[in-house]
Amino acid sequence: VRSPTVRELLAEALGMYILMVFGLSTVAQVVLGRGEFGQYLSINLGFGIGVTLGIHAAGGISAQRCTELPSIKTKLGTGNQVPRVVWRKRLQRRTVEKGGPRLATRGIGSRWCTRGSAQVLAGGTAGAHLNAAITITHCILGNLPWRKLPAYLLGQFLGSFLAAATVFGTYYDTLYDYTKGNFTVTGPTATASIFSTYPHPCTSLLGGFFAEFMATVMLLLGILVIHDEKNNGALKGTQALLTGILVLGIGLGMGMNTGYAINPSRDLPPRIFTAIAGWGVDVFTAGNYWWWIPVTAPTLGSLVGSLIYKLVIDFHNQSVPESGNEKGQPAIETSTL
Amino acid sequence: VRSPTVRELLAEALGMYILMVFGLSTVAQVVLGRGEFGQYLSINLGFGIGVTLGIHAAGGISAQRCTELPSIKTKLGTGNQVPRVVWRKRLQRRTVEKGGPRLATRGIGSRWCTRGSAQVLAGGTAGAHLNAAITITHCILGNLPWRKLPAYLLGQFLGSFLAAATVFGTYYDTLYDYTKGNFTVTGPTATASIFSTYPHPCTSLLGGFFAEFMATVMLLLGILVIHDEKNNGALKGTQALLTGILVLGIGLGMGMNTGYAINPSRDLPPRIFTAIAGWGVDVFTAGNYWWWIPVTAPTLGSLVGSLIYKLVIDFHNQSVPESGNEKGQPAIETSTL
Amino acid sequence: VRSPTVRELLAEALGMYILMVFGLSTVAQVVLGRGEFGQYLSINLGFGIGVTLGIHAAGGISAQRCTELPSIKTKLGTGNQVPRVVWRKRLQRRTVEKGGPRLATRGIGSRWCTRGSAQVLAGGTAGAHLNAAITITHCILGNLPWRKLPAYLLGQFLGSFLAAATVFGTYYDTLYDYTKGNFTVTGPTATASIFSTYPHPCTSLLGGFFAEFMATVMLLLGILVIHDEKNNGALKGTQALLTGILVLGIGLGMGMNTGYAINPSRDLPPRIFTAIAGWGVDVFTAGNYWWWIPVTAPTLGSLVGSLIYKLVIDFHNQSVPESGNEKGQPAIETSTL
Amino acid sequence: VRSPTVRELLAEALGMYILMVFGLSTVAQVVLGRGEFGQYLSINLGFGIGVTLGIHAAGGISAQRCTELPSIKTKLGTGNQVPRVVWRKRLQRRTVEKGGPRLATRGIGSRWCTRGSAQVLAGGTAGAHLNAAITITHCILGNLPWRKLPAYLLGQFLGSFLAAATVFGTYYDTLYDYTKGNFTVTGPTATASIFSTYPHPCTSLLGGFFAEFMATVMLLLGILVIHDEKNNGALKGTQALLTGILVLGIGLGMGMNTGYAINPSRDLPPRIFTAIAGWGVDVFTAGNYWWWIPVTAPTLGSLVGSLIYKLVIDFHNQSVPESGNEKGQPAIETSTL
């Protein structure tokens, strides 16, 4: 398929599918295994590993979107006819392209790649969103055109929904044995929490909203510091691993109150699946109609998290453009020889 | 030994031996230690570490197979006599060779290295198969000639069998004490599961087949996204580590139903060893003749997993050859100076 | 903001905030979750991950301080007019700058960057201190001017204090339920240890001081060996991860006696927060006025740790300047072509 | 100090000290904490992290030994006077030196660096031995002159002994409380196993010898596959991390029978310390005079492990020298321009 939009949809769907199969199956194994096959730490590790692999799956396709734009192809001709200054620029750009935050190359000839300081956020996600809250933040900040939003959300929805179905199928035997065929949201053999998040009994709606909001703020701060090339980001090619470790950390410390959805695409599609697959409308009414909090709180938290980062770190780095350039142009010295 | 086939056999045998000694000994320590020396998470970590080290052991030898072919040696002559276009090609090739997915260099002068888009899968395994299901998938996809199959399978069998014998020897004292010398497949002091996989009591044959199939699909998807250079693969030299983390993730979430063999070479040779070493034919009859499922389900899953990846990601990357080239040819710009 | 001092303060504050939110929230989850949502290992992991992310956040801004100094900007002119020897020097410097320990570039035109062998310690912290003991050690060793001290300490204090408030807010519901609203430092539902450290009941003041001192010595030794480019440091871009693993190791082995503050900025601000937020002056009187030990012992340990490293390793590497140069100047060979 | 021998002694001592403080203190925390501050997995992690940091500490100094030899200094003159072929060779050598397995550069003008295929083992240890068994293997294989042996062993002994003393001091309060001042090797409050290894009650002398021998064989196989540049080694700069993960894996699967000393320098000096510090001669007589097994079995295992690797992998790679060269000379292509 040559349509960038369809390819983005497929990439987000596959990445989300991988993320969720690893994550949800670990919850299933811990719950249905009655603690013999894992513990809470296993769940944290499972989602962390899922995130790492999901980014490896979805990061690349998205990164190629800009390179297909005609205006770039023209500029990147055969090489000898272009003036030296253009050619040098191209060198730099390719250097960045090969290992750098891929979305940074979007900045040429494409409306949604040009918005200056927004590139930090763009780079921060390295092509893979895998999170409706992050996709919406990109749209609000102007990194992604609003017309692209449906494809991203649909891809994430499909991947997440199919992952829930896959885990349901894989664990059907043990799930049936554990519940005696009675799938419930509450009670001693409650199993709905394998698929989507429910609040801790002691957590209020307001407290839960704040916990979910703060966990997503930390998620965004973490993603941005890991990927910010102008600051002190992680080694290229290890950023997916670090992002997985970040999500592991969120689960270790911010998981108890709300189950750390921190992502509407992680929570809503499996909830819909469980509503269909036998748990019924309880999945929406439980926890005092909890379901809308993992949808709205992460979206707000994602936006606020990226704004905090821009204010505290990125805005100041923008004001020293030269030193930023030096770091991004390792090939320049050679080209002046 | 100069014969590539024998060297491949030795490499697969050593890699498989390392993988299995680390994996099986951790199961032994958890079972025989009655939980004081580890838990289920330890087993997941043990197999993950074994996979990482096994790949480091077996990945290299295989990678040199193609460089010995006469047709390459000729082309890679002294350097100045070859036409510029050939030379540039050689440059690219060497660049890839030094750090890239090693099997990608097979593509010259050797029937089994040339099949275009199949290189993603080839690259995906980075020289080390360590899994009969993956070796067979390579053969079916045309990445490996069928005549090479027996050497790979034999190497894997030998390594796995010897590892089972090693762990048996190492743990003989504690094994004898734990079982009072009565090695059984079932019962309160069952120990056969130290060596090969048996299904969870609640898992049906069909459910087990599907679980094992899906776990191998996830294994292949994970291997391919970690190694795909054209997409968003992991940093070279860390891919073995990431593959170990992938197998850790599979154990965390897809281990309870079937024991996650996801690999005929991991399961069948130790099962044969236990049949000989005192557990008897029960190892084949237990679990309603379970033994054939960890042989067939992973083989099917491996094939389906790689086809899914080709359809969803790789096929679309193939259609943008230029941007793929740019990423694989870091030295070209320099060579046109 | 263009003022380096304000930017350093903001960077330290954000890094410290991230470190502490991850660390403290994990303690909260383990304590308030009554063991169901984590164990002691989770706390060790949580602080390790917090350190890694905090360094990624704070490491970059600090690194750019020197590049703003006028004397450098002049020297780094357009490139062709400078004599070869200067230009080569510049090349080296930039090479180091791009990937090396960032503070090493401070050495030009700025009093506090020039003190020769002190650069190892400077490099060792890679721009991010996140620890008042390390900041003070830098001042004593002459790596940081004393007039900068207040900004660093204030930034660390703010980040740490705000993190304590954030975790308090996030866990308010469960904290209230766990304590029935009675926040205490001791007793069966003591919760003050979520925020700051208290000694083990069997640990004496002297023993605690020594344990805290030794843990900080090990922290500094670890930081220095991870970052020492002249020795066998970790791969650039992975040093933040390794430092997190170092702190994980300290928690695994040196956490029981004192709670491993190893950092006045980690311990004192949250303690002051708890004094205000309802735990009262007990947080200072508990443990026989324990509070001053996590302030003084790490400061002494940090200084001693860096002196030990200088004596045993760094001093000897200094005496072989050429081989040190070779490692820092990968581009020189090319420039002589 | 300019004497290479003294510097090697100091480097081994510091590396060993770091390794052992992290390792032993974790055992102390698990034992004295009665399971509340860690579990068996913590011990495995503690020793793994200790190994990683110890290699970062000791790896560098050793690596510079050869660069001080007069014959090299002469060859590496000022650069322009040497014939092109020599200079090109120098380039290659420096390239290897900067990031490669450091000991590989020993091969010039120094008897103990020249023995061809032995370089794999030399490279495999990356400068840091931290293990008497590995040092002795180096001497037997001709990688290290026998006259160097005492300095290495003494350095390792000192570091290990001081680490035991440090952990004893750090945990004195809790140790005293746990034992009521009665330090014993056996019984319900036995604490000698905090410092050195004792066999599992079910393990015989012969079985223990074999388990310890096999664990060291796996250690050497792991070290060699991680560091072998000619095969599929780990990314440079991450090899210390991988070696730590290797030791974690050995603890997970080969720790129960014998306590996995796999290293005379890890076991004997702390045992002597405990004999002096109050546990008495029981530390030598316990386990049917167990003490000599962690000294001899690892030494034999280390030798056998490296021979196995040479036979199965390295010997075959040696027979294809050109492809080996290609991988070690990334700068050659450029130099022929």
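Brief remarks on what is shown
Should a chain be cited, it is by its letter among A, B, C and D, assigned in written order, with residues numbered from 1 in that chain.
Here, a residue touches a chain if its C-beta (ideal position, glycine included) is under 8 Å from a C-beta of that chain, and two chains touch if they have at least 3 such contacts.
Please read these numbers as outputs of a predicted model, since none were measured by experiment.
Contact with both chain A and chain C is made by no chain of the assembly. Separation of chain B from chain D in touch steps, taking the shortest path, is 1. Two copies of one sequence, chain A and chain B, touch each other mainly through non-matching residues, since under half of the numbers at the interface are common to both. When the CA atoms of chain C are superposed on chain D, the rotation angle comes to 90 degrees (nearest 5). The chain with its Cα centroid farthest from the Cα centroid of chain B is C.
Here the CA centre of chain A is 28 Å from the CA centre of chain B. Here the spacing of chain A and chain D, counted between their Cα centres, is 40 Å. For chain D, residues touching at least two other chains, in rising order: 39, 41, 235-236, 238, 334. Of all residues in chain C, only 1-2, 7, 10-11, 13-14, 18, 21-26, 28-29, 32-33, 36-39, 41-42, 45-46, 49-50, 52-53, 55-61, 63-64, 67-68, 79-80, 91, 94, 97-98, 102, 126-128, 166, 169-174, 176-178, 235-238, 240-241, 331, 334-335, 337 touch chain A in the complex they form.
Against chain B, the residues of chain D that register as touching in their complex are 39-41, 44, 200, 202-204, 207-208, 210-211, 214, 218, 221-222, 225-226, 228, 230-236, 238, 242, 245-246, 248-250, 252-257, 312-313, 315-317, 319-320, 322-323, 326-327, 330, 333-334, 336-337.
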